[in-house]
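Should a chain be cited, it is by its letter among A, B, C and D, assigned in written order, with residues numbered from 1 in that chain.
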Amino acid sequence: MEKIRVGIIGAGGYGGCGAIELLHKHPYAEIKVLIDKQNVGSRISEIYPHLEGFCDLTIQAPEDPTIPGDLDVVFFATPDGVGQQAASNWMAKGAKVIDYSGDFRFNSLETYLAYAARIGRPQEHKAQELLPKAVYGLAELHRQEIATATLVGNPGCFAVSCILGLAPAVKENLIELDSIICDAKTGVSGAGKNPNPSFHYPARYDAMNAYKISGHQHVFEIEHELGLLAQKEIRITFTPHVLPLCRGILTTIYGQLKEGTTITTVKEAYDAFYKNDLFVRIYGPEHPQVSTAVRGSNFCNLSLNMDPRTGKLIVVSIIDNLVKGQAGSAVQNMNIMFGLEEGAGLMQPGLYP
Amino acid sequence: MEKIRVGIIGAGGYGGCGAIELLHKHPYAEIKVLIDKQNVGSRISEIYPHLEGFCDLTIQAPEDPTIPGDLDVVFFATPDGVGQQAASNWMAKGAKVIDYSGDFRFNSLETYLAYAARIGRPQEHKAQELLPKAVYGLAELHRQEIATATLVGNPGCFAVSCILGLAPAVKENLIELDSIICDAKTGVSGAGKNPNPSFHYPARYDAMNAYKISGHQHVFEIEHELGLLAQKEIRITFTPHVLPLCRGILTTIYGQLKEGTTITTVKEAYDAFYKNDLFVRIYGPEHPQVSTAVRGSNFCNLSLNMDPRTGKLIVVSIIDNLVKGQAGSAVQNMNIMFGLEEGAGLMQPGLYP
Amino acid sequence: MEKIRVGIIGAGGYGGCGAIELLHKHPYAEIKVLIDKQNVGSRISEIYPHLEGFCDLTIQAPEDPTIPGDLDVVFFATPDGVGQQAASNWMAKGAKVIDYSGDFRFNSLETYLAYAARIGRPQEHKAQELLPKAVYGLAELHRQEIATATLVGNPGCFAVSCILGLAPAVKENLIELDSIICDAKTGVSGAGKNPNPSFHYPARYDAMNAYKISGHQHVFEIEHELGLLAQKEIRITFTPHVLPLCRGILTTIYGQLKEGTTITTVKEAYDAFYKNDLFVRIYGPEHPQVSTAVRGSNFCNLSLNMDPRTGKLIVVSIIDNLVKGQAGSAVQNMNIMFGLEEGAGLMQPGLYP
Amino acid sequence: MEKIRVGIIGAGGYGGCGAIELLHKHPYAEIKVLIDKQNVGSRISEIYPHLEGFCDLTIQAPEDPTIPGDLDVVFFATPDGVGQQAASNWMAKGAKVIDYSGDFRFNSLETYLAYAARIGRPQEHKAQELLPKAVYGLAELHRQEIATATLVGNPGCFAVSCILGLAPAVKENLIELDSIICDAKTGVSGAGKNPNPSFHYPARYDAMNAYKISGHQHVFEIEHELGLLAQKEIRITFTPHVLPLCRGILTTIYGQLKEGTTITTVKEAYDAFYKNDLFVRIYGPEHPQVSTAVRGSNFCNLSLNMDPRTGKLIVVSIIDNLVKGQAGSAVQNMNIMFGLEEGAGLMQPGLYP
């Protein structure tokens, strides 16, 4: 079988690096071109010296005429606004597109504009004709649509953690929908590769903070997806925190259990919901849920707990923000879009310690 | 004026070290004796070399007959169970006692036994005759009782953070009392000086986890103190997390605002409640609340936020767990007990970065 | 082809975990048994939850009679003293042995006893009859002997870093042999999994120190191997330092260049020496030599520098102490011993950031 | 006594913050003005929230006409090039000047130009008429000249560590002068407050590297000062490394002991040399020299070791780069220049852990 020909746009960022780490050893795909606006002309292994000998492609500018046109899939490892400008071009040439940003996470203009309004982006979408094709790329919820999609909006890292932690409880009506609080803790790599005063080593090594309290851009997609499951509008309280670690999101999710719902019922619902999902592991309260259990891997671990004194369900959801929260989900989506085994190139436990 | 003569029991732990750091330069107090079961015969500055030249006292065993009897105050920087065995002896000799553990945080046997039951300690108190004298050592709530106390139970570090973050809202009836969630994040120093597989550097440097979900020993005192303010029983949901940093507790506190309560009302209530409190700083949502703002100092910073979409009050409460959460509160209590300025020896901003 | 049947003794430590991470996905080997004295009866994935689904074998006690006897190779991921007691048993059953400790790094009793004297171990070897078979497991120096060996003494982590950094200069007589200084910096994982006051997170997160100044146990093997290359006795000055990071050894190596030796000559010598070595990368002074370039991989990166004002050669040698410094070298040795491609199971770039 | 009136130029950087931390509580000095080009109009406690209530002065632009002219001393916490432009103005108004940069570390144009050539700065000095007044601000070597100086060039952080570690050995002719190697390890705060890809948290948390091998700007002053002590020209090999910690420089210094020189002789020489120095502590090899022993304090700890097998003296020198390596030395110099106790405002052990 010929390998899937992959291009990566935004190759020089952490999202691009993550895709390269997974794809250079993928059994059925090979990276054909790396595109970025920065570091044009440098080998990627000059930027990321650990890649030396594994991927030594030279970074090309987006407008470089020598970029091959016959790609099977293009990863847009780029922020909001880039994919909506360039995706249609690639799709016209026959490539499928997986976009990391919010550009294609919603399949109607109306929903996209509501999202854009929430986060203060312009009230327009540069490729609105593509929106009906866009599929939300969380395989555990949309596997079938992804399988036939040509355009996937890869989910936000916090969204992966929250949605996977809540989906069965919301779908099976186990908790009061107006009681949901997601208290999320992330490592610094989620903010990307660009230096910033807040993530300067001396400012961060012994520092933690909450930020964007009730205003984070991922809330919209969390509420949207949970709303689809509940078949009604949902509002959650979501507080992100950034901590002095590199990789990992741990979200502590609180919901008031419906009268009479036991932790056993909850466990059964989660087991059933995820019974076909390779990358979701479910644990009871006895399990030590340390974020390193998923570091470097594509897994989401969920531990299910109940506070008997207050009747709260407490789900601890952990992922590696750069893998299941980003490049890993993108490769998982690619596998599904091309009819491959879903875990191809992804069956790795990560590195410890 | 003659200086207050201080003894520290448990001098070799972080709680003892913190007290020495504050007291060696205290204008009205001097350390006369350091007591511990470990490292007996070593100078404290062999254990903590930064203290060399500042405090070079030799650690003495508790039973050492040369320990002076004429102390004005004894700090028990010791875990549950030690103070209740030895406090009465020191009090009989005329010393006041400040105990860091849960032994004297409750002033009735009934309440203590309820606490002991919750955390699985024996159903007895070795110094129950002292309990009626015990005062809960959170100055912002009990300043007047502390002023005349001879026995103070210094509060737990998480409790300081949660109670200060919630007291005005609870007292002024601004939130639904059954809706309170405290999601607490702590640095590793809160676990003390003894090494442990979970806090071994390689296991912790890029790792976070929740623990004791709905079962932490500080919940009892939080609920007890908030109950006194509300004049009714309160149950909270409390989840502690441990993160790869050394110093700091950041607690994100959620409560459903009563219908019609605005953030302005909340701000006024907090300002009024803490108007005489040197060590509480109150901020609106605009303020970057990074834990380093209180690192090395005795301050508690509170930032008040409202999620307008869900009607939640979100208070971010930060302290240094080793200062306001432990040794700093102890010295603050000592100052009040001896009629000194409350901030004596404590007016330091900490160290940054 | 049938897979090589591997057993790991000391499976629960970092050295065992590292071997499992490499071997669970090795194309030609499979792990058949995990042996340890601790955590007997637990699944390895309870100890290391990231391994769940990848290796779920149960840890067995060394004396467990159900341990299969028909292994092809046994890894002793154990400290000095264990291998010399148990290796002969396994070898009698036909297994080859790769030992991580100092037990089989020297192939004569005389040399071993000199080593033992240096580090204060007893003046005896429990398996001296095996010593003539023992081969020092640094593939870049002893590939041919390893290929036919049944017993390999895997090198010390610092030794890998120093010997690879110095071998060509010593062999080609480029530096004054009495001028060698190795200033080594290591991450904490080199000290293993057991907690320790010096590696407790609060004690280490912002702390560095030198230790065992001129007395580290790896000096002996460095001098021994360099002496073989120089064909004369060599003494070096070696200072290890431990720093607040997890993975990595960076050794800064100083040697006085022989009169007239240029950096070009040095570069040519290194290139020639390592021309067939997959896992050694050689760089000039222009290259940023950050330890993350080899983190999680089996590579040793060398950057060659000259101080023109003092005539010193300055080689910066970086490895991942847990891979090329331990489990990676062990697997590389296994590959050679069994006639496999040397890089089988090892061609991974590691994880970044 | 009226307090010394201090101004700080470059107040917003770490060097300015360090001076504020020391001076806000100094018994004989008070900060009258904070000057910077960035953050003009902000309170310093908005930039450094831990200073709130301790120093809330507003940052003024250098050209602000309301800046008071009657300062007693001005700290230039600024990089090379700033002091030489502005110092003469302040001195004309009667202020003494302490400059953190290389601008006034040499008291002749010739030496300055040699320094400038070494580090690639222009071959000119904008205030060469001041150079004859300039005194090198390392109190342990130049206390008497500092006492009468009006212009002090505060030493570089690495230079403090190396010079204090070598001065007695060089002055007393205990080591071969052409054998000196300084292998220096620094925390990230030494690079200042501005973010940078190399110090971005994800890039640094588990990363170490050497840099500017044989080309660091502090080498010149080290060689210059040691040359004065030796009364001959000296060349050293100096390699700086940056590590994932915030505060601290640990320099491992190697020198070939002269034939017959014992460690006892060395110890006596160091004790004698520093017998009047408050901020130098000398230890033998038995002492654990962890950088936290000086973190947050103005001390330099030296541990003296000998490698008996190679005859090398190995001195481990530790300082806090932001205190003894910068702001602390500046305040120490101020104290000496104004006839105060040398330790005024500086007698603090730092913070642990």
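We adopt the following convention: contacts are C-beta pairs under 8 Å (C-beta built on N, C-alpha and C of every residue); 3 or more make two chains touch, one makes a residue touch a chain.
Predicted, not measured: the structure shown is a model, and the values here were computed from it.
Asks: Identify the chain pair with more contacting C-beta pairs: B-C or B-D.
Replies: B-D
Asks: Using C-alpha centroids, which chain lies at the maximum separation from subunit B?
Replies: Most distant chain from subunit B: C.
Asks: Taking the mean of the CA coordinates per chain, how far is subunit A from subunit B in Å?
Replies: That gives a centre separation of 39 Å.
Asks: Averaging only over C-alpha atoms, locate the centres of subunit B and subunit C and give their separation in whole Å.
Replies: Here subunit B and subunit C have centroids separated by 47 Å.
Asks: Centroid of subunit B to centroid of subunit D, CA atoms only: how many Å?
Replies: Chain centroid spacing, subunit B to subunit D, equals 37 Å.
Asks: Send over the residues of subunit C in touch with two or more other chains.
Replies: Counting only residues that touch two or more other chains, subunit C contributes 14, 187, 189, 202-203, 205-206, 244-247, 288, 290, 292, 295, 353.
Asks: Would you pull the subunit A residues touching subunit B in the complex into a rising list?
Replies: Checking each residue of subunit A against subunit B gives 178, 181, 183, 185, 187, 202-203, 205-210, 213-214, 235-237, 239, 241, 243-248, 250, 252, 254, 285, 288-292, 295, 305-310, 312, 314, 316, 353.
Asks: Quick one: which bits of subunit C touch subunit A in the complex? Just the residue numbers, please.
Replies: Contact set of subunit C toward subunit A: 14, 17, 21, 24-25, 48-55, 189, 205-206, 246-247, 281, 287-288, 290, 292-297, 301, 347-353.
Asks: State the interface residues of subunit C toward subunit B in the complex, per the touch definition above.
Replies: Where subunit C meets subunit B, its residues are 14, 187-189, 193-197, 199-206, 244-246.
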